[in-house]
Amino acid sequence: MKYASLLDVIREKNPLIHNITNYVTVNDCANAILAIGGSPVMADDINEVEDIVSLSSALIINIGTLNQRTIDSMIKAGKKANELKKPVVLDPVGAGASTLRNNAVKEILSQVKIDVLRGNLSEISFIAGLRASTRGVDSAVEDEKKNPVDVGKIVAKKYSCIVGITGKEDIITDGVNVVKIYNGNKFLSKVTGTGCMASALVASFCGVTEDYFLATVVGIATMGIAGDIAFERAGKVGTGSFHVGIIDAISKMDSNVFLERVKLDEVKY
Amino acid sequence: MKYASLLDVIREKNPLIHNITNYVTVNDCANAILAIGGSPVMADDINEVEDIVSLSSALIINIGTLNQRTIDSMIKAGKKANELKKPVVLDPVGAGASTLRNNAVKEILSQVKIDVLRGNLSEISFIAGLRASTRGVDSAVEDEKKNPVDVGKIVAKKYSCIVGITGKEDIITDGVNVVKIYNGNKFLSKVTGTGCMASALVASFCGVTEDYFLATVVGIATMGIAGDIAFERAGKVGTGSFHVGIIDAISKMDSNVFLERVKLDEVKY
Amino acid sequence: MKYASLLDVIREKNPLIHNITNYVTVNDCANAILAIGGSPVMADDINEVEDIVSLSSALIINIGTLNQRTIDSMIKAGKKANELKKPVVLDPVGAGASTLRNNAVKEILSQVKIDVLRGNLSEISFIAGLRASTRGVDSAVEDEKKNPVDVGKIVAKKYSCIVGITGKEDIITDGVNVVKIYNGNKFLSKVTGTGCMASALVASFCGVTEDYFLATVVGIATMGIAGDIAFERAGKVGTGSFHVGIIDAISKMDSNVFLERVKLDEVKY
């Protein structure tokens, strides 16, 4: 299976992944990247992001606790990654919740070519609505919001990127092709940072293949599978042990575990 | 019991809690809020705190790793919360330890109406002493420091707020009524952030009731009970497992566990 | 054994340790300091670092997620610690990876007397090369890089400090005397922050003895032993449980555990 082999590749290549991320879940993102076989580097000062991007195999921009200082760093890092043809993943945490966040997302998307957008339905719907709000078709988009596949396709086409929408079912699309993933469980929403970790895993896999669609599927599926394993072990104990169990499961993931556990469909339309 | 029912209410209402907090314990605060049934949002940029407060049911301001940028955000967010009549909890971490912290606390208390102050005896004593230092009654306050109930009452009356002082015994007072809580154990002081988590839980409960006295009692008692449960499970293993056990216990807390475990007195004077 | 007794001393003295550190591993550093018997305080605003240094028994400067604001704070805090004759530990995270980092390390080393430098071989080699790059002896230093003891001695002599290089074998030197530690395992590189925690432990021990060589040996050995204990318990489970196990092991460490577990040589040259 083309998906599973990426799990062995990453442990062999050990890609360096540059994170400009939030201070809430940064430790989990770093540990998730280490657990899957990458090496994380967190650096957000505008005077060093270009140097760090240059050393790295992929860049993940996560706006969870953005501020003006870090927004500027995100854009500078993203432009440098574009210039060097390194993949850029954007996690638009909380897009739609504040004018600052909304403007930051617009600014990043207008100045940086994003290769993968990973968010929840609300965040990606907001980004789909960027077009709407400037073209006066809010209501149409409101309808489309009901179907994650449609929302994902709109955004994937608009920004020529891969879109990963995580939720009860996860949707990955490039605007034409669609993969649905059924792994994961509701405990994942009871621990902060599981979305951020999914994005960090996606970026890690983007660091070892040029097929970013494949990387996004594998990254999101890895997170879902880790959630399933952690739930079996710790669901009855509580969310603290579940949290620890997620990292444990990622650190023990390989192509065999992946193949045995993954539940996905390549959807035809 | 009026206290216990709040644990069921919060899981039903799932309040959004806005945290402007420190980068040391922020992950634990977010996970504690999720574990008890709320939804955390961490946002500290001055250009978005008003938007985020507007979406939220309560605001918690924690000065653990304050800097000039975030102090301004705290005040702006606090004023907005006051305007919208949303509860504001202040955790004056380290008050008394530096001029910056002392001035920040004074500034926040002078510009923002605080509904609940949650700290340790040293921090709350410092705030009690604000009056002393400007009125020249240091020695009197020094004596009062010996009795947390008296310190709490001074501060509660001065700022017309609920005061929660955590320690060997926890004291909650509105200046007249007093509740003492006997849950918790000394392991809680061996893990960073247990005070911050207590404040985050208080803010979470303030998000679902207008009785902030009740919310403060339940928030602090929940933390103490979680500490008791975690200690039984992990006290012999070490503070890492104890830390995980706290979140586990919060995530499994409900009105039954609370009723079975809580040790409190409504003290008459 | 002179080393082991320090573990009992620290639990008795409970030193306050001032950390100016990164937002990735700060929670682990705080919990490691608590676990070994110290009290952590994290404060990085330039307007309060002098106050906090004055209260503390040691200062640890960690440049993991430095920015211009915090670099200035590091230097101000370091100068104050020098003035008050309090020990300063520097963890030059990522030295060599960006111009910002390199300049910051140079600036800190030129303005602050550092008592202990704790890093990996790559970071300490970069610092050894500071001399080289200004004196044109890069190739010579390149050769020396092959031997951690030589790299450590160069840096220890140049800056009149203790150098601790962690790796497969850990090297501690004052430029003349050398101790090698054989505790620890490769899982320690699969969890972020184990180096930062080692530095935080070194700073903690520096807070209770004027023999910083001794403190560095005990701090680094404590981390290695904790890694060994955690690996025995959780190596098969995964890196999440290993991470928790490190803190557990530090919290249960005492002179007996240390004596039973430590593997070190005082090397004669």
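Residue numbering begins at 1 within each chain, and the chains themselves are lettered A, B and C in the order written.
Convention: a residue touches a chain if its C-beta (ideal position, glycine included) is under 8 Å from a C-beta of that chain, and two chains touch if they have at least 3 such contacts.
Small disclaimer: the values here were computed from a predicted structure and weren't measured.
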Q: Could you tell me which chains make contact with chain A and chain C both?
A: B
Q: Could you label the chain B-chain C interface same or different, taking same to mean over half of its residue numbers are used by both chains?
A: different
Q | Centroid spacing, where centroids are CA-atom means, of chain B and chain C in whole angstrom | A | 33
Q: Mark out which residues of chain C touch at least two other chains, giving numbers and ranges.
A: 23, 27, 243-244
Q) Quick one: in the complex, what on chain A touches chain C? A) 23, 26-27, 30-31, 34-35, 40-45, 47-48, 51-52, 55, 69, 243-252
Q. In the complex formed with chain B, which residues of chain A make contact?
A. 22-25, 27-28, 64-68, 94, 97-101, 189-193, 237-241, 243-244
